[in-house]
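Two complexes are shown next, each including chain A; its partner changes from chain B in the first to chain C in the second.
Let's turn to the complex of A and B:
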């Protein structure tokens, strides 16, 4: 009885402490204490109430930009993850050569994405004469490249780190390669896929925001942050920052929920 | 063990072949780009790799006083220095916070959810606002590099501190070890591999951050040079040289962390090789 009570207290304090901290920071921000601490005026760091009213006043415009960013980030994430998984499947066929390829793929993780954005802008100029379409394409390609590596590295581990003799067992069943993949490799790689997604989902949003800085067409949350800072409209920029943070958090929570429900089913099995 | 040795020997060779293969594909695409009639300026899309390297050794001065490689190197040095500064500040804060979080439950409970949230917030997207906070572009470069370095280091170190087996805690307790002795002798050595995992993630991030913030305002730094070369102030090959060099710096920073890890904990090298 005593232990359950203690756990409850633990659980409550685990929520209450951060919540209290958040509320204190929020109140300090609203009350202007944060401005004094950071030596900024209310122009560069406007109180939350003002940011909030800007978000509600410009809902239509913000949603338009948000849509552009979400499309780029999610399509890029999807394509990149598929390519990464495909690469991992190919690499897992021959471990000796495959692991070398995966090492090279992980090296791409270290390439600054900023360098990729202008390259893709130049490349897509030759694909389409429509600015909307080609700047979207350029941004999506950058996000895609960013997402490939983490998926390839993790899925490769998921496809190769099997239980001992699991593959031999499948062989004794005379299972075809496709059956082995469907029944053994694919389920085995699912947790690794989620590990990869937990890294590449925030990365996809960040790279979508960053490539927007360089893209031809002035659209997207990231571009709006920059445009508004350049024109010294900090309150509007803050509104877009808050929106981008919410986007990141909401998508991440959705991913965690999906992961939870998928993994729960597996545990019962 | 024999297999392990074999694997170790063949690895550099395989990587070498892959790297060569990558450059061969680059050259083939560059050749196709050059050959296709619709693309008027192939050097804007994808030039030959050897031409980029040739630019590096070109002795022609591009802005009156410096050759291409001198100019890029000058800027790269500044970028490296700034990201190194941010990296060290961020890594130390992250490490200290992880220790603090493992020491007191209250700090851990307060900080942990926020560490998770920071991970989901696009910090690089906030670069312009941090610039307007600090007012000084150099400070904001360091600050953003530090923020990006901070959370992989903090979360990984904390995971390392908590992964120490209960038996080790009990052993230290039976030795009547003081709290600081427990940390110095057991916990900190145990979390070193985790710390380096965090450092390996964040070293290229710190460099990306520094380059990105460069592009927001003029001055000196790889990112500033990058935006200048894009505007056509100098030959397009300078731009490509920057792309190649920033990629190389990113990869080298990752490798450097591995080398430092080997130096710091050489006794664990064999263990790591097994894990790989």
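Let's turn to the complex of A and C:
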């Protein structure tokens, strides 16, 4: 009894302290103290109330841009992760060159999005005469490339770091390769897959926002941030920055909830 | 055993990819078909000689009008509105590749820059020659004023002599540059070579035209003159086509008058000065000017004034700060990083709507340099 109570208290204070800090920063921001401390005026750093009113005045437009960003980020994440996992499966079957290959594949992580985006725009130009489709494709490919490496590296570990002799045991049961994959490798790799997703989900959102800067179609939360900063509309740019932060946080929380429920079910089994 | 496994795994991955690409392709095809149908119906109604209007309607229907966006698009929007077309354009990058590969039919181009890159055949240009034509924003009546000289109201109030001296020396540089564009091009090339020397020369000769001709095609001899009618037209178009999500800024934009964006008194004092020495001692002597773009003949007057020592003569130590990419000259001047800036009047208007107290003190370009180029 005593211990559980103590844990609860710890849990509450663990949330309370950062929350209190956040509230203090928020109040300082709204009250203009933050502007004084940072030597900026309310044009460069508008108070939250103004940003908030811009978000509520433009919900339809913001949702339209948000939708474009979410589609690019999630489809890119899905495709990148599938390819990454596929790469890991192939690499895990050929351990001789597999681990080296995975190390090389992780070099994809170093490709700058800023360089990739214009290249993809040019490559996809003749894919369709519809600019909505081709600019969406160009952006999705960039996100996909960014997401491949983390999944490949993590899934490779999930497929190779098995319990000692687990694979040998399966083989003594005369299990087929597919059964080994289904019953042993796939379940073993699930926690690693989530580790990869926790890295690549934020990365997919960031790369979706940045590729929008260069796309042929003027749409997306990232593009709105750029347009508004260049035309000196900082309050509106802040509104889109806040929206993109919320997008990142909400998707990350959803991922954590899914991970929690999946891992719980596994334990019960 | 192991081989089989690889085959299965790769097959699965490939199958997934094939399914995905097929599903997206089938959608693509249907979209393409409807698109071409639309185009063909418009082309059949067109008579043999295409007018500019035909070209605009055709390109708008195909969704192939390009512009850079980022505050450069308002004249194009005004043109589309003039012909009752939807206010949409393709985002054009800072090359003319989209025009070259036909993904853009009507591409935005500045007379002094992209038009030269498209027509001329020197290194780095496309060499289309006379096989391209263009639609001029001045002729279409949707011209908005572009390169000006601006500072903040605050800076102008606190340093009136500096502002007058800066205008005086800069205009002297512009007069020299327009008198001998080829010499100006060489000077610019010396200070920064973002493009080839041939292109700098082409640019200098085109910029001269913009500095010495107004929107109606009449010659202008007093450099930097602020024509109320042209500024009013720019402001009116800006109020119609600058869409601001921030209701507070939108209200401010609607309430702006030309007196909120320009002050002619500094320019009048500078032009009335006999030799620059009668403008009073500059309050601030070390000043910086932020250009709107990379070092090029677009800004030849300032480079000329610097090179010939005109700034030194009026007691100013001037640093020219090149722009480019996403550098917002309005913000740089507003936050005091630099003292003066060169921007398009429309960009200054939207910055002032957002609460920046920027002030135009001279209007260097008297007409719009924006065109839409097409292949004949």
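Note that in this section the second predicted complex is superposed on the first by the 262 of 269 C-alpha atoms of A that agree within 3 Å, B and C clash if a C-alpha of one lies under 4 Å from a C-alpha of the other, contacts with A are read in each partner's own complex, and residues count from 1 in each chain.
Rule of thumb we're sticking to: contacts are C-beta pairs under 8 Å (C-beta built on N, C-alpha and C of every residue); 3 or more make two chains touch, one makes a residue touch a chain.
Here the structure is a predicted model, which means the values were calculated and not measured.
**Q** Report for A:252: first if it touches chain B alone, second if chain C alone, otherwise both or neither.
**A** first
**Q** If you stack the two complexes on chain A, which partner ends up touching A:226: first (chain B), second (chain C), both, or neither?
**A** both
**Q** Quick check for you: in the superposed arrangement, does A:236 touch first (chain B), second (chain C), both or neither?
**A** second
**Q** After superposition on the shared chain, which partner residues are touched by A:181: those of chain B (first), chain C (second), both, or neither?
**A** After superposition on chain A, A:181 lies in contact with chain C alone.
**Q** Between chain B (first) and chain C (second), which does A:58 come into contact with in this model arrangement: first, second, both, or neither?
**A** In the superposition, A:58 contacts chain C only.
**Q** Let me test your reading of the model: by the given contact rule, A:94 touches which partner, first (chain B), second (chain C), both or neither?
**A** Second partner only.
**Q** I'd like to know which partner A:166 touches here: chain B for first, chain C for second, both or neither.
**A** neither
**Q** Looking at the overlay, does A:210 come into contact with chain B only (first), chain C only (second), both, or neither?
**A** A:210 contacts chain B only, not chain C.
**Q** Where does A:13 make contact in the superposed view: on chain B (first), on chain C (second), on both, or on neither?
**A** The answer is first: A:13 touches chain B but not chain C.
**Q** Return the residues of chain A at which the contacts from chain B and from chain C coincide.
**A** On chain A, the residues that contact chain B in one structure and chain C in the other are 44, 118, 122, 126, 226, 229-230, 234.
**Q** Could you pull out which chain C residues touch chain A in their complex?
**A** So the residues of chain C touching chain A come out as 1-2, 4-6, 8-10, 12-13, 16-17, 20, 24, 27-28, 31-32, 35-36, 62-63, 69-71, 89-91, 93, 97-98, 101, 103, 242, 244-249, 326, 328, 330-331, 334-335, 347, 350-351, 354-356.
**Q** Hey, which residues of chain A end up touching chain B in the complex?
**A** Per the stated touch rule, the residues are 13-14, 17-18, 21-22, 38, 40, 44-45, 96-97, 99-101, 103-104, 107, 109-115, 118-119, 122-123, 126, 202, 205-206, 209-210, 213, 221-222, 225-226, 229-230, 234, 237-238, 241, 244-245, 248-249, 251-252.
**Q** Can you tell me which positions in chain A touch chain C when the two form their complex?
**A** 42-44, 50, 53-54, 57-58, 61, 79, 82-83, 86, 89-90, 93-94, 118, 121-122, 125-131, 133, 137, 177-178, 181, 214-218, 226-236, 239
**Q** Quick check: in the complex, which residue numbers of chain B touch chain A?
**A** 10-11, 14-15, 17-19, 22, 38-39, 44-46, 106, 109-114, 117, 119-126, 128-129, 131-133, 204, 207-208, 211-212, 215-216, 223, 226, 230, 239, 242-243, 246-247, 250-251, 253-254
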